[in-house]
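We call the chains A, B, C and D, going by the order they appear; numbering starts again at 1 in every chain.
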């Protein structure tokens, strides 16, 4: 019998950074039991077609109950629970393959947007109650993070079974801010990990 | 024989907050040995005359080698190493005694400002090397934090022996941001504590 | 014969403010000729059903060629060209009628979002060329501004004729920032008016 | 008989910018009468020794009643009335001569800081009353702007006659933000000019 599981994804490091907190977190929870669910984790490459090719088979796995994508959003001060994935790719900064995309849809002919299907208000309430700074965000940007959420929700929307999916954006790690001399907010990886555990618990109980 | 020591001070919680990271940190390092020095800690009330009355006797203690004042600076994203204490008190928000002070000097007839005497570039370099976000700040505000640094440097400047002193401003704790629903940066208390340990090590070695 | 026209809307002042730059701008361009088009302007009340009742008849007017909604987005530093209207109403702060809405759709059963149909990249290029700070935004918030854009695009999407519509968010006026003692960006009404004229010119030529 | 005058200085454009609002403003008010005073203006080069060489002779001019230095502080949202000039030069970015200075005093052996001698609370009140966003700032940075204010106050402090002097920092111009694609606040030159006129009127009446 197939194991009931929640999929947690992160991204590989990008640009000059040697770490990516989303990858660290995804690996950190791999194999954990959350209520009745087991966590499976997946690290995605920083290129949209390659990321899609890695995500789609995981959506076919029997026993999949929920999906939580993680990604870095440098400059944000709090954990961002993304409510919306928009059918737009627009990134002036080249991705890991060197591509620059301007004003392209994630899927030609797709809906203008998909709404996240995780219980974000409940996750937000649980995070706030445990002292983790978080908010519900209405833009996941127009880069790979938004693309990944759009693609997952778009795939799932066409199916009969109700797998819930969402995306959580993470602030910089303190060491990233220190290394780059930025005047930007950061969040300790332990606070992020607590946030992930809380979110997964709410998802598992929902 | 009097014990060679470094004095670390924090402030009591203020307003609606039940905790103050500066108090937590000051208590956390009390009694520790850093190189040849022992840490003594002191918690100050949130009123300038009362704080002064608590600090001045500690400056007379035999064996005092250095002073590190800690305080909260909500809204800052990084550990702030304060370079300047200015001879101004200006706070529109009432302090713990209900006083509002506008455009008053810290000490009438005092120098316009004092410069911090701790090795801030060395502390900054050590923090950055260990991945803690920090910077050298040129304004400690015009509230109690600035007053405390001014008062300490002003007292010490009149003396013959060279006790070094400085002030470190701390970001909000994550739980403060969560509780108040603020879109502001925060820093985990463990990152702050690491910062304090690093700063004390540099001070002890200098 | 019906006159070919572009509709520009603004909102009434809200809360403690006695002015709203969106209202000022809408009135300032009323009756102007932009290429072949005449500008008609409309001021909307700060309550979603009342605003909707004011907008819908204007969408029926013969000769309507394009719609540009204007609204205030305090805290933004630049003119924001809104790309997305999401099917969500979520405002914790009571509107002009005292209503608080949490997590409600703009239209039950409506699409998750609509994309703005004005040529935003061309408008952005024209604004930038003339020295007006602007950007394409992917969230119009979850308040009345987003609701108005969603409602207009939703109505128009059901029709055969292609009326283009969009929303432009404006920063605070300098006097609003001064009056409220905020540390927030602002923009002079003359810069905003220039931005509106440039945007209308691009719309008229498109 | 020597003409009673107020000196207004600005800086030349720096780096990739072709304009500097401080220069524009200084030129715009040249020769104006404000109460009993005439405005003389001076544009300073972006190198500290050259700027000093240009300022010092102007301080010797008979009839000098007050000095208002102007400079750009990109990133600030409001007109900043500088209260403090600190005896520190620290700029990692090369100046117009290519120099990088770290942790140097403006004047070796000089006071740690000087306080501005213009009536800043009165200027702030007048600006606020006329709807211009402004605040009193307690750090003028550690670059040429701070150096210029320190040097002027330091020179004047040694003299018997009471010439008042201060520094006003200006936000980016809108065209600078647009040209560089920055997400930063800006202020229209007409708002800045109004601010300067208001400040000069208060200075002339004081």
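Note that a residue touches a chain if its C-beta (ideal position, glycine included) is under 8 Å from a C-beta of that chain, and two chains touch if they have at least 3 such contacts.
Remember, predicted model here, so these are calculated numbers, not experimental data.
Looking at the partners of chain A and chain B together, they share no chain. With every chain reduced to the mean of its CA atoms, the largest distance from chain D is reached by A. One finds 31 Å separating the Cα centroids of chain A and chain C. In terms of their C-alpha centroids, the spacing between chain B and chain C amounts to 47 Å.
Along chain B, no residue makes contact with two or more other chains.
Contact between chains, per the stated criterion, is found for A-B, A-C, B-D, C-D. If you check the complex, the residues on chain A that touch chain C are 83-84, 86-88, 90, 102-103, 111-115, 121, 136-139, 141-142. Considering their complex, residues 77-78, 127-128, 130-135, 173-175, 177-179, 181-188, 190-191 of chain C touch chain D.
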